[in-house]
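One chain, subunit A, appears in both complexes that follow, with subunit B as partner in the first and subunit C in the second.
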Partner chain A sequence: MESNTKIGFSEAVCVLLIVVISHLILTVPKIILHNQGSSSALNIIYITLIALLITFILSLLYKKFKGKDILDLSGYLLGSKFQFLIGIMYIAFFLFTCSLLLRNTAENLKTMYFQSTPIPYILFFILLVVGFMNRYSLKSVIKCNLIVVPMVVLALLVLFILSFNSFTLERIFPILGYGSGNTFVNGIGNIFVFGNMVFLFFLMPILKDYYQFNKIAYTSVITSGIFVFLTIFALLLMFPLDISSNSNLPMYLQTRKITLGEFIQRVDAFFILIWIISLLSYLSIVMSFILSTFKKITNIQNKTFVSYSFVAILFGISLLYKNVIQIRQLDANLYKYISLFFTFGISFLILLLCNIKHKIREKKKI
Partner chain B sequence: MKRTPRNLLIIIVVLSLLISLGNYVNSSKNLDDLAYVMAIAFDVGTSGKYKISLQLSTIESSASESMSSSSSSSGGSSGGGESSGGGGSSEQQTQQYVINTMDCETLDMAINIANAFTNKDISLSHCKILVISEKLAQQGVQEIVNSLINKVELRPDCNIIIAKTPSGEFTEDSEPKLEELISKYYDVASNNETGIGYTKGVKLSDFYSNMNDYFFEPYASLGTVSNPKKNTNNNKDDLSLNTQSKSFSSNTPEPAIESMGLAVFKRDKLVGTLTGIETMCHLLITNELKYCDFNIPSPINADRTIDLYISNLKNSKIDVKIINGSPFVSSKFDVSIKVLSLNDDTLTLTEDVLNKLEDATTIYLSEQIYNYYDKTAKELNSDISGIGRFAAKNFRTIDEWEKYNWAENYKNCTFKVDVKTNIKSGHLLTSE
Partner chain C sequence: MNKLINSIVNAFKYTPPNKYSFDLSMNNMQNSENSISPLEDLSQSVYPSVEVNLEYIKVKFNSLINSDIKIREFDLRARNKLYKAFIVYIDGMSDSKNISRFILHPLMLKSRANTSDTDEEIVSSAIASNITVKKVKKFNLVNYINACLIPYNDVTQSKSFDKVISSVTMGNCALFIDTIDTCFICDVKGFEKRSIDSPTNETVIRGSQEAFVENLRTNTSMLRRIVNNENLIIENTTVGAVSKTGCAICYIKNITNDDLIAEVKYRINNLNIDYIISSGQLEELIKEHSKNSLPETLLTERPDTSATALLEGKVVIIVNGTPMALIVPCSFFDLLASPEDRNINSSFANFLKIIRLIAGIISVLLPGLYVAITNFHEELIPTELLFSIISSRQAVPFSVELEIILMEIAFELIHEAGIRVPSPIGSTMGIVGALVLGDAAVSASIVSPISIIIVAITGLASFAIPNYSLEFHFRILRFIFIFLGTVFGFLGIGVGIFLYLGILSNFSSFGTSYLSPYVPCYDVNDNGYFLVPMWKREKREDALNTKRSNKQANISMQWKQ
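What follows is the complex of A and B.
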């Protein structure tokens, strides 16, 4: 990571929050509601508790490796070649998730507002901003995000409060949804909504105070859990399951239902604007992490020139998807498991193995 | 200085892309390019699947109305009789709007044809009501509603009305007299449940939601248009206040929208209608009744009736238990009543008279609510008041709920109604 980049507590939490919120706006509610049915809210509380447990384990495992990111850890574990491999894998993962989110957003924007505009144009204008943002340092991007996140959070809260009138509380029944096994056993897989935790493995070197790591991790998991719960809960109570779990953009339907008296109607446009800004912020942040990772594994001096290449690659990958159906299938099936693999699989495995190696070395020293 | 040519190149590339984008983005339209639909009416088609009428507001009329509200609405410029054309009939009603009617397979096809008639882009963004004929509603409205809900520009809060008259006539005969703008006229006409309590404005989004819900069945407001000039309002199109008096019809000298009762659906098909009083019971059960006037036979003098004003005191309490496989629904109501009639019976409201009135009102309301439950459950088998949501707590999983098949079991419900009435005088000059 960039040596001069140091971020504080609120900046780090905002980075982790924007990742969750960006996915929450688009795909996460649909997947959860489809898999869990009326027990979605219960499942979110359950997986938030599990995420807190995982955070506790993470904080224990990270005790010996303050200031090290996942690349440093993989280098420590198996050398620079493994570090390079892991770096490339994470870059590919980030590019895949970004491209899915980007294309999904572009398709939704096309459906809602730009029916006759070709997808490449919509993608281009989004990526233009991302490319421009990445001319600046990671810190600048994170500072910008610090402005965006409160706006998005406020919009989500306002949306929740304004939806109160449309709630039918009895929609939480049947309480166990598709069964207790589905809610508490299969439902563990829904922990992918805390996919933002993967960035915890990249944040460590850029923290001003390494000892705030635990606080950042817990705060981000709790706040993410709250926002996911509020969003899913509102959608569950507002719409029949058939609508919320089959709609391409359930939160958009939620905004369309809101009116403030006879004077303020069609507030959906306002929320869409906020969501586009949040997407831009999310993409810029992830792109900055991609560039920093690339810089670290290749030792290039100036990442600015590479940034346009990565933006172009992202543009290309986003165009690879054939149609909306393919994107939504990938979102519902592949994204979930890839996210679980990188966030709770390989990252934890590397950290665990590093701890074992560290213990063996210490024993040898003794 | 070295970076100047590169920056210049970037600016040129971006500008050229922006300019070329102009070919694709068609959002830069002014009012002259658009024709705004105020109402869409659907009926069974003759040569096509549907007969669709689009009521288009004319810019000239809207402009003149908004600029000079004091001027007579009958005067002014002629209102865009440009909607002539083949493929369907069209006629100019007043200067306020034109109606394009065409037989076609889908709404999109109708919009395309209307585009050709008017040489303008049809915009649905100001559409206020959707009128569906009773005949078409009986055949099923799923295709229409799905098509409408997917139109981003159409507001999900526009109202659905099931028309007793052919839906085309409904839009043709809707002539606003008390409002300046036709859009406002539809707003008022389709949202008048707060004023009478005998009907309810149902939004497109709610109708669609109920159509896909396993707790609710859909319903829409029931309406007709009386046009004394055409003598269209014959008895078969009449709306009814209650089952005893079937001939509710206004006797206005001008055409007017009449809205009374609800159209009850089972999934997407119309299965029956509710009278005004039954609708009041529906609103009472769903806690949507704000106030309503009704009359009961006088408990003091059998020849007279007493006018009462009802408003909800507390939310109704509904509980559902499954006993031996059949649902047992107990519902409690706590309502506040004011006496409006000023006759010999009620001029002096003594304790005894009040008690008699309370008892009579309780019996009357209980009877009406029982009738409502009986009609929706046994006759129509359509749970429009969402009793199913109170039954869901008896099931642990969705599989159990789906196996039970509430939609079909609703007809097996046993109902218990408990009404508590609190009567007060509504008079200014008499004591309670």
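What follows is the complex of A and C.
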């Protein structure tokens, strides 16, 4: 990695935050509210604590492998072929999540504002920007994200503050929702909202200071937890569960309820503007990570051609989904488990095995 | 098929990046080669024969057709011997009184100095036992003329025609003497120049009322007066193989980053161009991202702003003939700063900075947002206002976007015409344009009153941008946002904002990020967009990587302790 492509603490935290926020805007609240009912807020606190515990384990496991990403680790474990396989798997995972999010957004935009515009046009317009941004380096995209994240965070906070008037505190009861078992046992699966942690396995080589890794991981988990909590809490208190858990875009519903005196009755479009920017930032970052992963596993030097190819692939995948129902089903069922598999399954397994291999080698040396 | 295979194979081939990249914070300066290929070889040495030199000069200056080239031939008397000599200067560029009084007069007229006929020069003498012992050395005509016959303060010697010719074109006088292969160059510049005046574009209420003028030396002297430190270096260089325009690269030796200085010199010294006339042309030539309209340098007419930049660790470039200095590097936030900011209380300055920031956003986005809202997001407009807009637009035959574009073009026309016409008519043009045309357009139902309001507010906001180049950039950007808002509403505006942020993030000025100190996240060091009180401005910008990071003590107001 070239020295001028390194990123600092704030940039890294913002990368991790934008992933959470982008998913939070679209489908995450709906899934959690649907699964947990009135215990959603409590569940978020619970899974945030679990995420912190996992971060602690991650920091312990990463102690011996400073500066190495998941690809380096897989290469260390089973050689370059395994590294290639893992790289392709992660690229496929990123493409799947991006396509789902992209198509979902395009469908929502079509419903709200562009009823007569065909979906491919909206997708193409968005992907044109992503393709343009990928002409720049990963660092430039991350630098751009550093401006986008404060804007989005500010918008979320304003949204939360302006929603105060519509809160009905009684809606938090029963506090354990569908039961303690559902909240604390089945609810562990909701840790998929911290799917952004998968990028921790890719950030290591581009960090200016590897020793800030733990700080970055903890800060991102805590801030992500706060934002997820605030969003879920607000939605829980604002709407009856039937409405918030069945709405396609619960946060859009929240923005529609905001009024500023008699004069300004609808400000939802402004939040849509912010969300579009955050989505573009998210897509550009993930696409940059796809490109850098592909570059690493193939040693490709000229990435321009490949970047447009990946944009075209993403466009193709996004068009594969038949309708909104299919997207929602994939979001609610498949995305959650795939995200869990890649974030907390295979990545941790590789890291764990690398630690074991490292220990065996150390013992052999002695 | 072969084409496809080739393109796939090429995609995996290494192609060296051809993008120029200089990063100040990483200290990755590598190239230090300076080479300019001149149009013609002027490295010819001065001949010992005055006749040959005279012919050479006459040919080079085309003296037969050049009316202002003055060549004065005369006999020079030195040690009672006569030598043929001539001076050459440009009428109007040199002070002829000084030439007559301090060059021709001592050289031509008889005096004690030039009538002694010994071939030896006494270095020292001593008297011992009534015997005078004299230490003598062989007479040297060059030294003798320089030491005894030219009573002028600024005389240099040159053996190369290159230097002689460029000095004469700058207003100096060259003296050639028979038998010696050295030319004497006397600095007798005496052309008419504008006196120091108050700034016209960057006016302030508190603070200096001096502005740069066209003369390079006057400008550098103003900088010296303000900085008042021996470490201020003013390096002279010339740009343009034909025009040889003088440029001064100014920096403070023990503050400014060496890599930054080297990069500025590297870019300026590696310009293979016939001529530059103004600092604007030089600005274009030393830009890294030449296709982007964003300014990479800060243009100022104020010596105090330039001096502040020098003291902050930046480099100032002054071009002869332009009453403007270029400050490098500059960030986006520097372009939104006014020279008044540092002269007033920080809270006043910050209030103005907020206003300017809002003005910038309005200037770029307002017409685009208006078009997007009226076309796609009508629900944002309060009901009463929506009714009012609809009723006012009922008689207007154009769509909102066309109406806004027409009004914007009309506004640009008024703006351009106001600048081009003579100043007494200029203000009238503005009033006629704004009031009569606007009112008439509304009465004729060509545009709606709300469009007039939108365009007027946008225009007003754009005038609040302190930097002319940035204001121009915003004016162009405005049309792009109108287009995006028309096609895709807020989606288009969002896309535009994101792309613009992406471009800004990737942009750099002389190795520093354009959005520094915020992106990438440097230690703001009290050098952010908003000003902290004077006593808290302890450090220089992190992004500049200066040699001296502190500019005041932790407790600067020691009288309080």
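Basically, the second predicted complex is superposed on the first by the 362 of 366 C-alpha atoms of A that agree within 3 Å, B and C clash if a C-alpha of one lies under 4 Å from a C-alpha of the other, contacts with A are read in each partner's own complex, and residues count from 1 in each chain.
The working rule: a residue touches a chain if its C-beta (ideal position, glycine included) is under 8 Å from a C-beta of that chain, and two chains touch if they have at least 3 such contacts.
Note that the structure is predicted; figures quoted are calculated from it, not measured.
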Please work out whether A:Leu162 is in contact with subunit B alone, subunit C alone, both, or neither, and reply first, second, both or neither. neither
Of the partners subunit B and subunit C, which touch A:Gly37 in the superposed model: first, second, both, neither? first
For A:Gln265, select first, second, both or neither according to whether it touches subunit B, subunit C, the two together, or no partner. both
Identify which of subunit B and subunit C touches the larger number of residues of subunit A. C
Let me test your reading of the model: by the given contact rule, A:Leu95 touches which partner, first (subunit B), second (subunit C), both or neither? neither
Does the superposition put A:Asp242 against subunit B (first), subunit C (second), both, or neither? first
After the superposition on A, what does A:Leu176 contact: first (subunit B), second (subunit C), both or neither? first
Overlap of subunit C and subunit B interfaces on subunit A (superposed complexes): 113-114, 265-266
Subunit B touches which residues of subunit A in the complex? 37-38, 111-114, 116-118, 121, 124, 128, 168, 170-171, 173-179, 239-243, 256-257, 259, 265-266
In the complex, subunit C touches subunit A at residues 7, 10-15, 21, 23, 26, 28, 373, 376-377, 379-380, 382-384, 488-495, 497-499, 501-502, 504-506, 513, 515, 518-521
Quick one: which bits of subunit B touch subunit A in the complex? Just the residue numbers, please. 14, 17, 21, 24-27, 152, 155-157, 205, 208-209, 212-216, 386, 389-390, 392-393, 395-401
Quick check on the complex: what are the subunit A residues that touch subunit C? 3-4, 7-11, 109, 113-114, 122, 125-126, 129, 132-133, 136-137, 139-141, 143-144, 146-148, 263-270, 272-274, 276-277, 280-281, 284, 298, 300-302, 305-306
